[in-house]
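Below is one structure; the comments refer to it alone.
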Amino acid sequence: MSTRYGMVIDLDRCTGCGACMVACAAENNVPPLPQAGSRTGLTPMLVRAVSNGMEGQARREVFIPILCMHCEHETPCVSVCPQQAVELDQGTGIVMQMPQRCLGCRYCMTACPYHARYFNWWDPAWPQGMEKSLNPGVAVRMRGVVEKCNLCHARLHSAKERAAASGKREIDPADYIPACVEACPTAAIQFGNLADKDDLVFREAHSADAFRFLERIGTEPKVYYKSREAWVRALKESVSEVEVKRG
Amino acid sequence: MFPWTDGFRWTLNHIIFLSLFFAVLLTTVTTVFSALWRAVHVLQTHSAAEICWKAAFAELPDSERSCRHELAGRVISRKCDNAFDCRRCSQYSQFAVLPAAETGADMGFHYPKNRFYHRGHTWVELQEDGTLTVGLDELAEHLIGSPDSFEMPEVGSEIELNGTAWRMKKNGKEIQIRAPIEGKVVATGSPEEGWYLKIRPRLDLGDPMTLRHLLRGAEIRGWLNRELERLQLQLRTPNTAPSLADGGVLLDGLMDALPEADWETVLASTFLEG
Amino acid sequence: MASTVFTDRQWIERGAERASLSQFLLWLAPWVVVLAMGIYAGGLCLYYGLNQTNMDNRFAFGLWIFLDLSIIALGAGAFFTGFLVYLLKREELRPILNTAVVVGFICYSGAVAILMIDVGQPLRAWFTFWYPNTHSMLTEITFCITCYLLVLSIEYIPILLRNRQLRKLPSFLVFEHQLHKLMPVLAGVGAFLSFFHQGSLGGLYGVLRGRPFAFRQGIFIWPSTFFLFILSAIASGPSFLMLVTAAAEKVASKRLVPRDVFQRLAFISGILLNIYVTAKAIDTLIWLNITSPSLGFAPRQFYMHRPFGTSLVFVEIVLFGLLPAFLLTYHSTAAGRGRLLSAAGLACAGIVLNRFRLTVQTLALPTLAFDPFLQYTPSWQEVASFAGVVAYGVIVYSLSYRYLPLFVNAKGDGSHVSVD
């Protein structure tokens, strides 16, 4: 059975707490930004606050976690990288970024429809003492390379090691949970195998309330969103009259 | 990039793309090396001098490229576009049969009739033993005066037509004298002896083509006229207009007499920019 | 006939009128200062990182990429003139050939210099060659521009070797002569390479599904921007050559090329510009009415943000497109120099505007429904680096003009004898 890891994010449950962003930063050794308020930070998981543009009683807000969508079809970043530093892993469906091979040309960042890629504009630096909190399982990237969410691939790697140690061929799904999924207090982010029809994520992704952003571009993203609110579902296509607040 | 590189995939795309790239690279590199190889080949044979001369000739202004037949008065006006190579001029014969202007006085210069003159102001004279003597003509000698030093080629070396025959130094300026004929140096002379080189020519002296490119007879006066006109213009003191003169007799050793003149230009024009 | 080789005059063509050495150095001085500032700014970026620029995660490409694309398009005059002279035997353009090679060399070497600062890890530049991704337009560009810069450098060598002192060495002169005979081969290679990389620069944006402002359909793997970029490059290249030569004539205060060369270049530029504007208009209509809606984007979305309104389309296609095309084509025989040069200037401005819209406007426009319209202003380091490249160009060109036979008839006597 093939594996296609994906997510379904329930936007009705997301409170905008940002725990997923913090967990992601901690897991992936993301350095703090030297300058606040600029767009040069690293946020492989980024929660956006979006309102329906109305005021008073009619105003509604939603929080949308944006991360790499791990596009399945004609993955834009994979096809444009000049030195094949990005690859759609056929075994897992994860779009793997190799910072060691990245030249820093940033063409993939231009190509990504979801703006889910981030460049290391700064040398990574942690305040004194904070380097003790670094995750030893994830390599720190140098300045000048692009990075993005890779579905906590280090955790997949540990899960495989554990399975191999106990003589199993397949990993135990409970061993591989990305940091953002683990941290979410309302379990808004569901993670699983989209190729497995019995998987919860598969069922959720094919429910009536589920949608994907910019579907008509045709990249077949593997991160689904769902909401019972019609106005939220309407955000999936590009409509510019919605008011925007940066989260 | 190469088949043995880790991660190389034998897709059609790869093959087409990399084949084109390597083809372009190969073409470019081959072109450069081909030019280099041919250049080395040319330098090893005797053709380098010819190429250098043609390039120098291309830099001459029109006024210095008058055909010998114009100088002789056989035609009103004709400019050479063949690097003064009368041996290979297709129209030489048709102009040579035309009547030349009357030869008058030599204007005080000694240009013996048994010598043939190269436009770089050297002469050749046939010797009985089949060699040629080469020397500087009188205009050149008057211009330079007595040289500070001269550098002759080695006996036994080959010199090329229009290549460098010998070098002279005067007042810090270096002068390269163009060779009037190709051949092997059998002896070297000096200014006191009145000749500079004895050459065994490579071509057959019995063939009129061998010395065809050298000036003689009626052409000399016209040529000297032009040269003197040019010298008057080039040697005049700055801020004066050229004046009408009757030629007169040149002083000996002009380089010493007029040190402030633009000798670089004068020497380049006279000895055809060596 | 050298007195000593250390006199500046000795290095200048015999009989060529050039300014005195002190005047020349005075001319160079401000450009050297600008170049120094550019090197300093570039050095800052290399040392501290790209945070020295105002580019960010949403504006991953900025001023540098925009200006790089522009000067590569304007430098297309080099390959196109070579193609016309050596392969199509249009001898009337031969007087402009040397200057075209120098302009091309300056444009491409400048662009490559900026690119080396623009990437995050310049020392990894060889990765593209070692692990090429044949699906990526940027791979194609990297390979092509590297090869083409090599070809341009080789084409520059004969011009360098024709310096008055250098050509006195028989080995240099003979090598130059042999290389000159093989120029048509290099011109052909240059044309082949240029065709592909000018096109791929267009393809760079045309394949971006995620940027509907840039995305185009096309033929096979090549989006329409591939062909539009080639057309616009060969249309603006001759115009740019006209502007550079006119500027050189102004500074040198003498006529450098026969009068009809300007007219020829203007005519060629005009015809190609006509074709380009027609193709672009058709392409724009297809894009607005078919391509974008199929991806879920309405045309009005692209023009609802100031200052990128629909007036910009008018400016690019009519004011900087149709107008110069008309002026260059139909007035090239009778028009005065001033009008031709204005038209050439408009044409070049149009191509620069096109590159700007495709690089900067593409990134500014929102894609996701909740994206804002974004602003970007280049930092002084970005501007200074590029100003340094312009200064480098002026310096190289000035040196080439002074010491090398850039214009065959620059002596003014109107004669020309070919060496072979």
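To keep things simple, chains are lettered A, B and C as they appear, and every chain counts its residues starting from 1.
Here, contacts are C-beta pairs under 8 Å (C-beta built on N, C-alpha and C of every residue); 3 or more make two chains touch, one makes a residue touch a chain.
Source: prediction; values computed, not measured.
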{"item": "Taking each chain's C-alpha mean as its centre, the one farthest from chain A", "value": "B"}
{"item": "Most centrally placed chain - per-chain CA mean versus overall CA mean", "value": "C"}
{"item": "For chain B paired with chain C, centre-to-centre distance based on mean C-alpha positions, whole Å", "value": "42"}
{"item": "Whole-Å gap separating chain A and chain B, where each centre is the average of the chain's CA atoms", "value": "78"}
{"item": "Centre distance in Å when chain A and chain C are each reduced to the mean of their C-alpha atoms", "value": "40"}
{"item": "Chain B residues counted as touching two or more neighbouring chains", "value": "7"}
{"item": "Contacts with 2+ other chains: residues of chain A", "value": "84"}
{"item": "Multi-partner residues of chain C (each touching 2 or more other chains)", "value": "130-132, 135, 139"}
{"item": "Chain B residues touching chain C - in the complex, by the definition given at the top", "value": "1, 5, 7, 11, 13-14, 16-18, 21, 24-25, 27-28, 31-32, 34-36, 38-39, 42-43, 48-49, 51-52, 54-55, 57-59, 61-62, 81, 172-176, 263-265, 267-268, 271, 273-274"}
{"item": "Partner chain B, residues of chain C touching it in the complex", "value": "1-4, 9-10, 13-15, 129-132, 134-135, 139-140, 143, 147, 150-151, 154, 167, 170-171, 173-175, 177-179, 181-182, 185-186, 189, 192-193, 411, 413, 415, 417-419"}
{"item": "Chain C residues within the chain A interface of the complex", "value": "49-51, 55-61, 118-121, 124-125, 127-128, 130-133, 135-139, 142, 204, 207-212, 294-297, 301, 304, 362-363, 366-372"}
{"item": "Chain A - residues contacting chain C, complex", "value": "34, 38-41, 48, 50, 64, 74, 76, 79-85, 101-107, 109-115, 117-123, 142-146, 213-219, 234-240, 242, 244, 246"}
